[in-house]
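Across the two complexes that follow, chain A remains constant while its partner is chain B and subsequently chain C.
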Partner chain A sequence: MIMQKLHKSTWIYFAIVFVLILLPFFKDDRWFLFLMIQIFVFAIFAMSYDLLLGYTGIVSFGHAMFFGIGAYSVAVTMNRMESTFPSFLLGVLVAVFASGIVAFLAGILTLKLKSHYYAMLTLALAGMFLYIAERWRSVTGGNDGFTFRIPELPGALQDHRNLVIYLFTLFMMVILFFGMKRLTESPLGRVLVGIRENDQRVESLGFRIMPYKVLISIISGVVAALAGVLYAISLRFVNTQVFDIEVTLDALLMTIIGGVGTLIGPIIGSAIINLSHHFLSDLANVHWIFQRWVILFGVIFILAMIFFPNGIVGTIKQKVEQRRMKRRILEVEKQEELDEGKKHA
Partner chain B sequence: MELFINLAINGVAMGMLIFLIASGLTLIFGLMSVLNFAHGGLFAWGAYSGVFFYVLLDNFWLGILLAIVTGILLGWITEFLIVRPVYGNHIRQILITLGFMLVLTEMLKVVFGPNIINAPTPEYLQGSWMIGDITIIKYRAFIIAVGLILFIVMYSVLRYSKVGLVVRAGVMNKEMIQALGVNIKKVFVIVFMVGSALAALGGALFAPSSGAIYAEMGMEFGIFAFIVVIIGGMGSIPGSLLAALLVGMANTFTAYYVPILSMVVTMLIMLVVLIFRPQGLFNVSGVSNK
Partner chain C sequence: MGTIIKTEELSIAFGGHLAVNNVSVEIKRNTFTSVIGPNGAGKTTFFNLLSGQLSPTSGRVIYKEEDITKQSVIERTRNGIGRSFQITNVFPNITVLENVRLAVQSRERVRFDLFRHFKNYKQFEEEAMSLLKMVLLEEKAEIPAATLSHGEKRKLEIAMLLALNTEVLLLDEPTAGMSLEEVPAILNVIENIKDQGDRTVVLIEHKMDMVLNLSDRMMVLFNGELLAEGTPEEIMNNETVQTAYIGGDPNVTTATT
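Moving on, here comes the complex of A and B:
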């Protein structure tokens, strides 16, 4: 039964991926490709956020720093060295290690305390990284940032570079999605959900919760850094904006609106937020209120927190579950009636 | 030496401003254990409405009074609409108040315009006194005086009055206080409104000292306030004062001697405190940090 259900959802995912692979061949528009790449990149970023918020119940206000570390690591390496594939790989390695170390340090310092300590510390650390990036002009180019070259692709692929990046980010998103899905369904993931629901009970069952929390904060940080890497190479440009609090807030909105603790939710959230960014900034010319669209987002966010704390995917899941329960109760009742009838007969 | 004293006075004045906003937060945080990330928004609203009414009515004191009224009203709205549905759930509190913070900040831009606004100082508080080589800017002395008075009032109300007894007992054991027949919900609302009023007062007093106000200042000072509350120890008024003074001093001195460090020094203090004394400098018994 469970295997069948899993198969069904996996098939749906494969169908969507297939459509996404074919999509750019029908609509080869530069802006469209760019928008889709943004959606994929932020989907990865929001999924990494969901690992913390949705599965473990850790609130981070500085998730942008991992994104920024990833973006700057790869950009600075490619800028300093020749832009070849080995230097790209080196940049990715730097991104993974730097983000992992920062996540580890932030984790061991504050994860044994109440939730707001981690939120505050990450917020403070992200502020520090933003400050360093603005001040260390010789490396980061300050607020203006810098452009860099990405390695040339062999042969005819070079002419369709955006398409290749599109497929690559899509590929990464799919791989990371299934990887994280596997992780959350593993025994480790179960312990994490247990920590979210009731950490004392998990502890009394004999698990030491600190290593789990630190581990998931490292994994989440590394995945966020990978999103930053993809962001940088898709733009071939990086500036201090990647460390901005708004990047974190975007991830937060995507995760909450899409559905916390679902992984597919952040992807849907990313699509919604990026598309509305895109269309609302067009609408700003129509009416001034759309320039202040953050208000709209804030209000939606608050309403979502009060009325749909489970987000889109979570609410749908709940509804489906309820219906299934109702049907099962009806079936059981019918069966009982039949049994009763048999007895009487 | 003169330079040192001048810097120290500036540091104390800055610390007092931070104390005003942090003291409101430590009340909300300490008693109700509500993580109100919109607190900085109330600070910014206090600053804007203070300047607005001061310019409109041409009376500094009326401006401050109306800023406090704005703070009380906004505090009531925040408690009623935003915080009430999420009592007892820290993660949802953090998220929802952050959303409200965004709304408050953007609403400032809608109501007062997105540009930086000049904040005037009343004439009798302009200028400075010279004592030898020591310059004391009048407005800073005024802020220090207000901060000290507020500290004494808050401390003695909490320590010696019946209301203070209820509040302190509420921090330690909410259920027990309720069982003894105190309407703790009402106390919660009032404390929330007082905390918000303090933030608004802080904003209104901050505006003339910086000379200019902008919508994003709420976020900046909100972070300051949280850091100060964490350094000082939750729910402790003396802790907040000490931490605020420490942060204010550290900021002023590094801004003068090591400008590169001035942005990060607050974070560094918080880091050190988190590593060596995570419960904060003053720990109120019964309030845990775990």
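Moving on, here comes the complex of A and C:
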């Protein structure tokens, strides 16, 4: 029965991916593509955040630094070197290693302590990176940032560059989603959930929790950096905003609204936040209040917390499970009644 | 029959209060020892010192002739000292089955496998299920552990401890909160642990009569001190124990120790 269920959900995922692949062929509008790319990029970023928050119970207030490290790594490499595919790959490698090392150090330094130390240290580190990016103007261009060229695509593809980037980001999101989903369903992933639930108990079962926490910090940091890479590529521009605390808060909101510890939730959360940002800003012409979309956003957030305390996906999952439990209980009761009947007969 | 665990003048103080005071005791391999005493006697604290949750103010814990006083909980578990908790300590938001499965996984030392799906480890799940059956919990396998009743959580604790399959099993009031009909079955499970080979069971209980028939040895704690140690008959006939236990008068202990 479990196999069948997995099967069904996998089919649903494939159907959605199929629709997303076809979508730009029906609506080839630059702004629409850009919006969708943003959704994918932030979905990846929010999923990496969910690995920490939802699966391991680690709170980070500086997740933007990995995003920023990814964005700057690839932007600076492409800016300094010729804009070819090898230099792009080099940029990605730099992003992966730099973010991995920072995540390792942050983890080693704080994860032995209570969880809020990780939150505080990442907050401080992200602030530090923001400061460096602002001051080291010769490399980063400071607040104004800089534009850079991305490698030219062969032949006719170059004319549909945005479409290629759309498909590539979508591809990355799907790959990373299934990769992380698999990770959470591996024996290692189950230990992570155990750590989230009760870390002392995990220890008394004989698992050493530090390596797990550090490892997931690294994986999450690297995935976040990949999101940053895609972000920079899609804009062909980078500035210090990628290190902003708002980027971290976005990831936090997307994860919470979509559903913590679900992976699919952050994707939905990313869609909701990016879309509502986009459309509410559009409505600014109708009434000034829509310009302050953050106010509306606050209201939406509060409503979501009231009606979907576990996030959208989390709440739906809970409902489905509750119904299944009810059915189970009814079945057991029925069986017991039957047994009783037999006894009397 | 050699000694498997030995404590030497073990003491721990919280502030000025000596929760465990100068306890020296030997627990023989492959025996069933009960630790009894009234509430607040220091039984659980004594367990915490054995399993490594707490480290003593003074004294040593010897396991298989090795000083393990400085060892962490993880090391002690891996070396063969497993325990269950009095204040139930399970993973609340995952299923009952998953709770036990994690314990089996730990014993099998599958720690950093991140490429295989956990459902591929079918034998873990099967073993977890059979353990749940043993503690009469198989019907609750698929529900989150948080929804279990107090007594059911105790059973889950026992199943998790059995899953670890350690040489020494420390059980902290395993039957508290269970309904009276269930207690014999659970005690039977515990009694059978010893038949599965080289197993040493240490069990905390505050109702003495419950464990009289099971125990090879008994030790009585009172106000943190070891009041008596011996076979159940010796303990039953020990006047100090009787007075302390029934009367609960702390003056008795100061007078006799």
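Here is the rule we use: the second predicted complex is superposed on the first by the 321 of 345 C-alpha atoms of A that agree within 3 Å, B and C clash if a C-alpha of one lies under 4 Å from a C-alpha of the other, contacts with A are read in each partner's own complex, and residues count from 1 in each chain.
The definition used in the following text is that contacts are C-beta pairs under 8 Å (C-beta built on N, C-alpha and C of every residue); 3 or more make two chains touch, one makes a residue touch a chain.
Computed from a predicted model, the values in this text were never measured in an experiment.
Participant: Of chain B and chain C, which one touches more residues of chain A?
Facilitator: B
Participant: Just checking: does A:332 make contact with chain B only, chain C only, both, or neither of them? Give me first, second, both or neither.
Facilitator: second
Participant: Figure out whether A:59 sits in contact with chain B (first) or chain C (second), or with both, or with neither.
Facilitator: After superposition on chain A, A:59 lies in contact with chain B alone.
Participant: Tell me the contact category for A:201 with respect to chain B and chain C: first, second, both or neither.
Facilitator: The second partner, chain C, only.
Participant: According to the stated criteria, A:125 is in contact with first (chain B), second (chain C), both, or neither; which is it?
Facilitator: A:125 contacts chain B only, not chain C.
Participant: Looking at A:187 after the superposition, I want to know if it touches chain B, chain C, both of them or none. Which is it: first, second, both, neither?
Facilitator: A:187 sits against chain C, while chain B stays out of touch.
Participant: Enumerate the residues of chain A that count as touching chain B in its complex and touching chain C in the other.
Facilitator: none
Participant: Under the stated contact criterion, what part of chain C meets chain A in this complex?
Facilitator: Answer in residue numbers: 51, 53, 72-74, 77-78, 82-83, 89-94, 98, 101-103, 105-107, 110-119, 121, 139, 142-143, 160, 164.
Participant: Write out the stretch or stretches of chain B touching chain A in their complex.
Facilitator: Per the touch definition, chain B meets chain A at residues 35, 82, 85-86, 90-92, 94-96, 98-100, 102-103, 105-107, 109-110, 219, 223, 226-227, 230, 260, 263-264, 266-267, 270-271, 274-275, 278, 289-290.
Participant: What residues on chain A touch chain B, complex-wise?
Facilitator: 53, 57, 59, 61, 109-110, 112-117, 119-121, 123-125, 127-128, 131, 135, 245, 249, 252, 256, 292, 294-295, 297-299, 301-302, 305-306, 309
Participant: What residues on chain A touch chain C, complex-wise?
Facilitator: Residues 2, 182-183, 185-191, 193-194, 197-198, 200-208, 211, 215, 325, 328, 332.
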